[in-house]
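Multiple structures follow.
Both of the next two complexes hold chain A, though its partner changes from chain B to chain C.
Moving on to the complex of A and B:
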């Protein structure tokens, strides 16, 4: 059969070549925008177009921190998204455990609600959400004005305010990411046998001790996945900061980038591309870790 | 006191202490869930129902209605269904979902998933490249493509199409809807690929072996074996990607802000513009309620399809 196998391997080779051809076109489609942003960010004379630099330079990155408030934007993004992620992990872990272990009548409706919340588009909620936050903000504002000296009211509201303050946007981002985390953690705890907790309870541990010593170590992989997804989506979110943040002191990376390229007459492509690279990097790294959990988040796979 | 029958008849040795413990445990579990319920109730569930109320008022961000909003009944809905901008946004959303999620992402994702099953040398690299657009934040994606699609003969896409003899143009002005479809396709290939890859890899190898033994060509194997067995995954993909594409805002807003002249005003952008540019919160809420209804109907389909075990 030497003839047959030679013919076979030739056809495999040509099929591989065809596969490479198609994949190369798809890869170029995917990669070219990234090539432009990355190359322009290290070009000393960057432009809006993909071109090989005459001279390489890191000046664009330095400018973000030296001439602009780069540190502030990164810090704001990290504080807001980091806090939201932390809240999601804590509440998702506790709530997911409760959903996995309880037998109450409310469990089934609650889980269906969680799934339905995941299909609610954030844009459909922005108007009522704005009204809710406006009300909460005036309540907080009243309290802050009553207890704080006048010159400290504005800075305090930047932290505890619901409109144009950290607290409001953190809670909104946490609430939008929580359903997925609850679902991930519920299915995760379903796979952990109850023997561990029951043994701890038999040994006289309280609920809090059981959670801290037994359940958290067991749940770490699930918490990691839940946290990664919350981080990626909240980090990339543009709608909520656009509506709920306006002060320069609270500027985040997506707002900074968007406002920079809306200034039509003075576009600094070096600045914008370098900022885009800085903003993209954490998302891509987190996505690399989260990739293997992605399929499981859609209901534990489909049986064909 | 109100111990249910099931618990007293389980035949445990000490039912009294056990139910006492169980009741306390059930109470603890509710306590653990309480913060989540509070957060979701305040920022998701209550707003969702509140939007129905708002849609029946003339609530506004400025002007006399802002100070003294009135109940106007179904007036917003009557206006909505005779409003050209609303129908335009529904139509734009329909073409956008069809072009990017149902056709573009699906076909390119399926092609990538099938081709990347081959033991190619550069498989990990190609995989990573296809995944990148999915990981990038919305604003960065918009910013990248504004550059790619810009006018002028030095712009990147214009340089590429010049090889094929196509004249330079300002793509986001001449073909706005097609361009946002192309950009969203670019962003979503990875999601389709990941989901379809997992579907393909769950098809038994023995079936492929048997088909090859019977002398089936690769084309026959794909159309008679892979595709039919992949149908449940494809259907799941269609539902999930339709819901997420309807919900899209940031990517298109960063590219075109709905322009030129409403040509890319998908429903999310229409709501945003009506509510926060035209300041008509009541009218914006009516659009939001319609959008909510469409998404929930698809969501119920999703739950049924998955036969989610809860």
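Moving on to the complex of A and C:
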């Protein structure tokens, strides 16, 4: 029945076309805001509406770095989020290993307790968290004032302070991302047979050698996935930096963007969209790097 | 040079006693196989020898030296894991040479050693591949290579062939035996497969519930099982067991009246009195068909024709009997046939299951 099959394939084709059409509309709908942000950022006279630029210009980007503290914001964001991610990866890796290999009764309650912490909305935690950090900050402040010359107290507190200091915001961000990382790493280590470690022991590897040469390479996809999640969520976090950072020297990218938006009488779309592009890039790049780890971690464990 | 001696070795995990006082002696260069059903403690015993688990009580001697407190890598023992445990991020060469690399042996020396081992195992072409790009049999050989590069005096195998398909398993069995002869190392091999045990071992240690049921050469296990457990574990199809009472007549003849009605004449020379309850073990291959009328007759319940041999099953409320007959036998289900037990082929056990045969 050649006729029937031809009809059949024609109807398949039209169904395909309809599906692609719908998907194209949805994709366009999703892509337009990004497109607008990008186009507006290189438009010399950007407006609230999507429009083709009359004149292309990089002036908005230049403004961020030349007239504002663009470099400082980027550096602060990278230092804070990068350190938090590093802490999450180290503690998530070690803790996930312990949670996977231990048979202690505390394991299950612990895992559910840490995930409960994530259930509480961060906003609800601000007041108690601020109180705790304030106390810690005054302790650190006391020590710093005791050992440092007066003119170095402020810069030192910018590093080690719990309020308005790198250390505080790094620890807060790391702590909020750690539960998820522990779960990911625990689940990941569950898929790695103990035989690998025992084979290393039989081969004469010390604990450090086993960790460095066997466990870390095996756990890399998991660590990559956990690190990526920590980085992207912490990078996107706005509330914590807003509350715990106030000095101009410690401003991060989201804060810079927010303050630009808050300038009441001059809403500079060009500046804001350029900053938004810069703010988005690291997260996208991080995702690009760690994408295959995600697939390996959530797509079926270690092969080999 | 390594004789293994386990004296009263015990191991428990929490309140569960897994190894309950095991005494085993394995001579230098022997191929010893630990065999038993799952949960019998054979893998745990292997891990105790490897040093991956600590011994709770008793002693493990290697050439007379206590190894209880010696670190796993200092025992001169290598182990091949069931999962092979090849590191997926290393090449075949790196996997095999890992132990030397950890010892900081110079790179060119490692390369030379790896190549030597690879040649022995026909892996030379595969040295730069990752384990993921290897077949099951090749992975198995890499795992063996990783063990023998250490020149161990003892090699432990934990169910190494269980992940291979049947034909590869036969091939690897032969290869392992060849390796054993070339290396002249003592081998301890754990399996639940009695065919592997029977074909490869110099000595089989049958384990049951954390205790040694019997330790002997394979053919001795088959011919003189120390108890019903060993009797039924070794041999396929498994040994038939009949509960019976002993009848000693005044003329000196002895016979056993089995609960299923069979009467079997026994040669004297076992320790049981008139009226004692015993168990008679008859291997399926020791039954043969005879013309009716016969001393023993039974109705055929199942016929399994394999071409080279035929299995007949005779169901009975007091226990089914299986006969293994040579050739293709054409009997029908439901047919009444006469049976005869090969002379002197009965294994006799007391009611607790221990052998009561003398010699």
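In the analysis below, the second predicted complex is superposed on the first by the 280 of 304 C-alpha atoms of A that agree within 3 Å, B and C clash if a C-alpha of one lies under 4 Å from a C-alpha of the other, contacts with A are read in each partner's own complex, and residues count from 1 in each chain.
Note that in this section contacts are C-beta pairs under 8 Å (C-beta built on N, C-alpha and C of every residue); 3 or more make two chains touch, one makes a residue touch a chain.
Everything numeric in this text was worked out from a predicted model, so none of it was measured.
Undergrad: Please name the chain, chain B or chain C, that touches the greater number of residues in chain A.
TA: B
Undergrad: In the superposed arrangement, which partner chain does A:283 touch: chain B (first), chain C (second), both, or neither?
TA: After superposition on chain A, A:283 lies in contact with chain B alone.
Undergrad: Output check: A:195 vs chain B and chain C. Expected answer is one of first, second, both, neither. What do you get?
TA: A:195: touches chain C, not chain B.
Undergrad: Could you tell me if A:254 is touching chain B, chain C, both of them or neither one (first, second, both, neither)?
TA: After superposition on chain A, A:254 lies in contact with chain B alone.
Undergrad: For A:55 in the superposed arrangement: first (chain B), second (chain C), both or neither?
TA: Neither: A:55 stays clear of chain B and chain C.
Undergrad: With the two structures laid over each other on chain A, which partner does A:204 touch: chain B (first), chain C (second), both, or neither?
TA: It touches chain C, and chain B stays clear.
Undergrad: Check the residue A:151 against both partner chains and state whether it touches chain B (first), chain C (second), both, or neither.
TA: The answer is neither, since A:151 touches no partner chain.
Undergrad: Taking the stated contact definition, name every residue in chain A that is touched by chain B in one complex and by chain C in the other, in rising order.
TA: After superposing on chain A, chain A residues 302-304 contact both chain B and chain C.
Undergrad: Where on chain C is chain A touching in the complex?
TA: Residues of chain C touching chain A: 50, 52, 72-73, 77-79, 81-89, 98-99, 102-103, 130-132, 146, 150.
Undergrad: How about chain B: which of its residues touch chain A in the complex?
TA: Contacts found on chain B: 25-26, 28-30, 32-33, 35-36, 39-40, 42-48, 50-51, 54, 59, 108, 111-112, 115-116, 118, 120, 122, 126, 129-141, 143-148, 150, 154-156, 159, 186, 189, 191, 194-195, 198-199, 202-203, 218, 229-233, 236, 240, 243, 246-247, 249-250, 253-254, 267-269, 271-272, 275-276, 281, 284-285, 288-289, 291-292, 295-296, 298-300, 302-303, 306, 308, 310.
Undergrad: How about chain A: which of its residues touch chain C in the complex?
TA: 193, 195-196, 198-205, 209, 213-214, 217-218, 220, 302-304
Undergrad: Which of the residues in chain A end up touching chain B in this complex?
TA: 15-16, 19-20, 22-23, 26-27, 29-34, 36-37, 47-50, 87, 91-92, 94-95, 97-99, 101-104, 107-108, 110-113, 115-132, 171-172, 174-176, 178-179, 182, 207, 232, 235-239, 242-243, 253-254, 257-258, 261, 269, 272, 276, 279-280, 283-284, 286-288, 291, 294-295, 298-299, 301-304
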